[in-house]
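To start, the structure under review is shown below, and the notes come after it.
We just call them A, B, C and D in the order they show up, numbering each chain from 1.
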């Protein structure tokens, strides 16, 4: 078999420089343009919007990651396209340029990926810790809390197969099926479940926390705009998992107060039947005829 | 090629004289006797379970009996192996004897492929068809899912049937993917690549295959027993709540786990001990490296899966309470046990895919593997780190929030060794002479697809962003890119690449290119929009979604149908060429240096006439001074001694 | 084997595979309980009448120990189903015979009657707006349609009654509560799911498996159509 | 690199694959211990995880354990079995085949009895499987332990039977313990693997004795 080397002339370094500079130039220009578009044009419209601080944080992080991913993606694409166009078999069934490694390019690669990865880990940690857990469920005793916990609205999310209900310890422990929140308020969600694992995902609020049976899962956020949001169950919980959703509203503080006091009065007789408010509800199966929960 | 091929043609014509005393197929164990025995075992176990547990109040109230189901299944599997003749050897050992192992033959009757064969080439082919069966059945179920999602509300399947289909699709795919490289390609190729005439433990190897068959049927049987509502992740307590379909889930997954353990024990022992002289670790092919890394990962992670499934089975059948609260258990236990296996698992799907990609790429780039050691370090690095990332599935679960920065770091660190594989791939094609045959197209597609999967993996590992996309279609699209886009593309490439060796036929380039391009375009068109769908707020495993997402979902569904058609096209053309037209292949159609290609087609019954002596790396393309990779008849001084 | 024979064999195999797939899809996966269309009222426009019953243990079919709903079809026959079709923009008058004993709810909240006309239901002639599932006969089942904002708690039959019904469909000579209520089907064409909140899937963890997760028993759809 | 024809060994295939199979036995016994240890490790994890969570105070409210007497018996049997086997194997290497056979037979017997005891213990537990956390984990541990122990008994028994059957083959070559015949070397590799596995099992038994009976 023919064992011709590439007929390109010049030292390997010179050839590498020739091709390499072209690839880098194309890559750099494309990356710059697309990154600018991502940051300034697309970025502000990225989901999940900025109804709350945590949603805005997620939007920002998503934007940062995208800006960092674009050059990586383009590097592989530009390089791949260049190689496919230039280094193809020319019908002579020759072999390629014999090289088994290159200390410099390998070293550069290791260093670049390590720096990128460590930066991402640092950035992610910062963005997790500083905004009080970034809207993620932090378990029963959260370690990252908002700076001021005064005037915080407490909302308990009770998931059960297959609906969410909400309890309001600051409003007589009433329970509702609708979720209405005041704007510009720190909110603490206490998420729990009465049966299997569910997940409370308030999409536009940027809050997601698993609802675990007999366990409390706390997530924080701060509302900053009024509007409608959707709550979906995000952990498979049986036949009606797909239909386990409801809508909520962030409204002005006055409207919220009115709604809550109204509800409290309306539901007074029902609230009396409910168990005492508690962060977890332990089913008691010593009761004949079924299981129910007691605080 | 400098290597003289003539040696291989004469050997292995008549292994043990035509009239050997080997029993005829119907007297030896085979799939029919096994099924017969298995059915008997099922009825016995089922009856016995009803005797034991039939009077329990929970059984009487619910009308289903987990004890009898599980006992039935256990007895069925034991009887199945008795029927296969697999237990003859272990039983003979009880009085010091040894059951004879069947002689290898050059050409087998078709029944050999339905028997407990200890020939690694037969096992490889058995695995290939079995795993493709898994893949296509699970693929049809995926089309079932997409059909429901054509409309934002319930319309085709009942919601219970829908969840059953989703869980069945996921579990079947996940079970299959663990073995789709190691099973067919590992078993068939590893002895050829390391220059061995045999495997270390052929019986273990055969057992590993025959576990997958009952696993498939038990898993499928869940569909007509009410299915399992918990998806492939089987989160407790939902999985404790389900009916007997859940038992089918845990039982078949356990069988698959046993299969993985058997296969990887054999793989490790073979690769360590059966390498030909001169086959140093530095000359080992990348696929073999991938196999041994994967096998070690399996050995250390799969037993934990067995524990988890066993605990689930005990909770369901024996009424222990480890996975739900009231009596001292916790659903977190399952999440930990499952993901402690589950995360190494997804990497042990990815590793063989990369191994096979790196194996095939240099052949068509006509260059050595770039930075070979880095590639191997990458695989070992991925395998090692994979044991330290499992909690990244549980960022929202509320458990151990203080550990999140650590798991975020370990998860992101894993992209360094994953990145090595890109370095290797990109270095390998640099100044190559790329030949765009069908296998090469698939390999290039692997790099394209996995890039999406890899980059979105960084999004998933970032806790704040994971808060947005966890449990949504974004994650679903992510792992379809890494598993289907990477592993399955590698598998199809490998099928096109290795059919000459496996079957002596070369698949049509033209049909292959049609298959490739339709599959590639349809695959990306199916799964890229799903990133957006998930990002816009559609959770996984739902039959009802926001009406504003309907257009995107319909686009995806239609692309999925095209993808299905493309795969159907593959099935039809593959079977047609394999059975009907049989286009004969030359011995080494791709000009590969790999040892596996030097033995001739069809592969002789003992692989090598003599134990070969390995002289150089398999990837010395473009090296004008490279001699052949191995001396196939080492006592004869017939090959060049210049290497 | 000749080439032609092999080709024939392959085609037969493909045909068989397609046959098996079609059988699997249509013979098994597509099977669902029957759909009952509500009967339009003869006297009032935009109203339909529905007659249903809930049985303690259906006693027939593949799961005789499961609880389940029956809906009366146009010909007066009860069908074991939970798929109910009603027109859009319509008041649905439900007459429900409840044959099961009751118990406590997992979440007592669901003892409240929500979304029915006047937020009340009529039980044996008496209006009821809130059922305490811890007291009296408890709640037997719920008819809860989240999409329409409806939650009806169905009070249970006294557990000591002598003439319990065991095999559905039951008849009014057996112990029962007659429950009547009206709900509005809304303006949107949609399949609204409905479920139960009483842990009535006995033998399953938290009482929520089996019938609770199966169409035709305790899970169903109100299909609102044009 | 073996570049010269003259340097190339003439490969004796039988010897080559014989050596390979000895290596494979070595590898497999180590792998088996790794797998079994991981299997037990999952149960130990379940134990410690549930113990530390102590959901609803239901881990082990009354500090009940499974029968300590039976547990101790199993422990003693397994440790003694490993010791007996160890000394037996040492004698085998000095050529005393009968000594090894007697020792290994007793090993098999002890291990078999230990497995039987483990099953028996499960039939007389002072609690129900669902009583509390410890009870659940113990009920799960029992069958796994019995299975692994019986597997060791099977291995020991087959080794003894193998030695009985092949003993006379090596009689002229110094006996099974010293012979350089392939069949004897294979046998010794098997014995070595068995010893390793039994030692591993003894260690696991000690650890799990501490887990289930001491710290409970």
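As a convention for this text, a residue touches a chain if its C-beta (ideal position, glycine included) is under 8 Å from a C-beta of that chain, and two chains touch if they have at least 3 such contacts.
Source: prediction; values computed, not measured.
Please find which chain has its CA centre nearest to the centre of all protein CA atoms in view.
Smallest offset from the overall C-alpha mean is found for B.
When the C-alpha atoms of chain B and chain C are each averaged to a single point, how far apart are the two points in Å?
42
What whole-Å value do you get for the distance between chain A and chain B if each is reduced to the mean of its CA atoms?
Once rounded, the distance between the two centres reads 31 Å.
State, to the nearest whole Å, the distance from the C-alpha centre of chain C to the C-alpha centre of chain D.
About 56 Å separates the centre of chain C from that of chain D.
Measure off the straight-line distance from the CA centroid of chain A to the CA centroid of chain C, and report it in whole Å.
From the centre of chain A to the centre of chain C is 38 Å.
Out of chain D, which residues touch more than one other chain, so two or more?
Those would be 55-56.
Residue numbers in chain B touching 2 or more other chains?
Within chain B, the residues that touch at least two other chains are 159-160, 229, 237, 241, 324-326, 332.
At least two other chains touched by the same residue of chain C: list those residues.
193, 206, 208, 213-214, 219
What's the complete list of touching chain pairs for this entry?
By the stated definition, chains touch in these pairs: A-B, A-C, A-D, B-C, B-D.
Going by the contact rule set out above, which residues of chain C touch chain A in the complex?
Going by the criterion above, the answer is residues 101-109, 111-112, 114, 130, 132-134, 138, 144, 146-147, 159, 193, 195, 197-200, 206-208, 212-214, 219.
Could you please specify the touching residues of chain C with respect to chain B in the complex?
3, 6-7, 9-10, 13-14, 21, 24-25, 28-30, 32, 63-66, 190-191, 193, 201-206, 208-210, 213-215, 219, 221
Mind listing the chain A positions that touch chain D in their complex?
So the residues of chain A touching chain D come out as 214, 282.
In the complex of these two chains, what residues of chain A are touching chain B?
Interface residues on chain A, with respect to chain B: 1, 3, 5-6, 8, 15, 19, 47-48, 54, 57-58, 61-62, 65, 69, 72-73, 76, 79-80, 83-84, 87-90, 93-102, 105-106, 109-110, 113-114, 117, 120-121, 123-125, 127-129, 131, 133-140, 142-144, 191, 195-197, 199, 201, 203, 206-210, 212-218, 230, 232-243, 245, 282-283, 285.
Taking the complex as given, what residues does chain A use to touch chain C?
158, 160-163, 165, 175, 177, 194-196, 238-240, 243, 246, 269-270, 273-275, 283, 287-293
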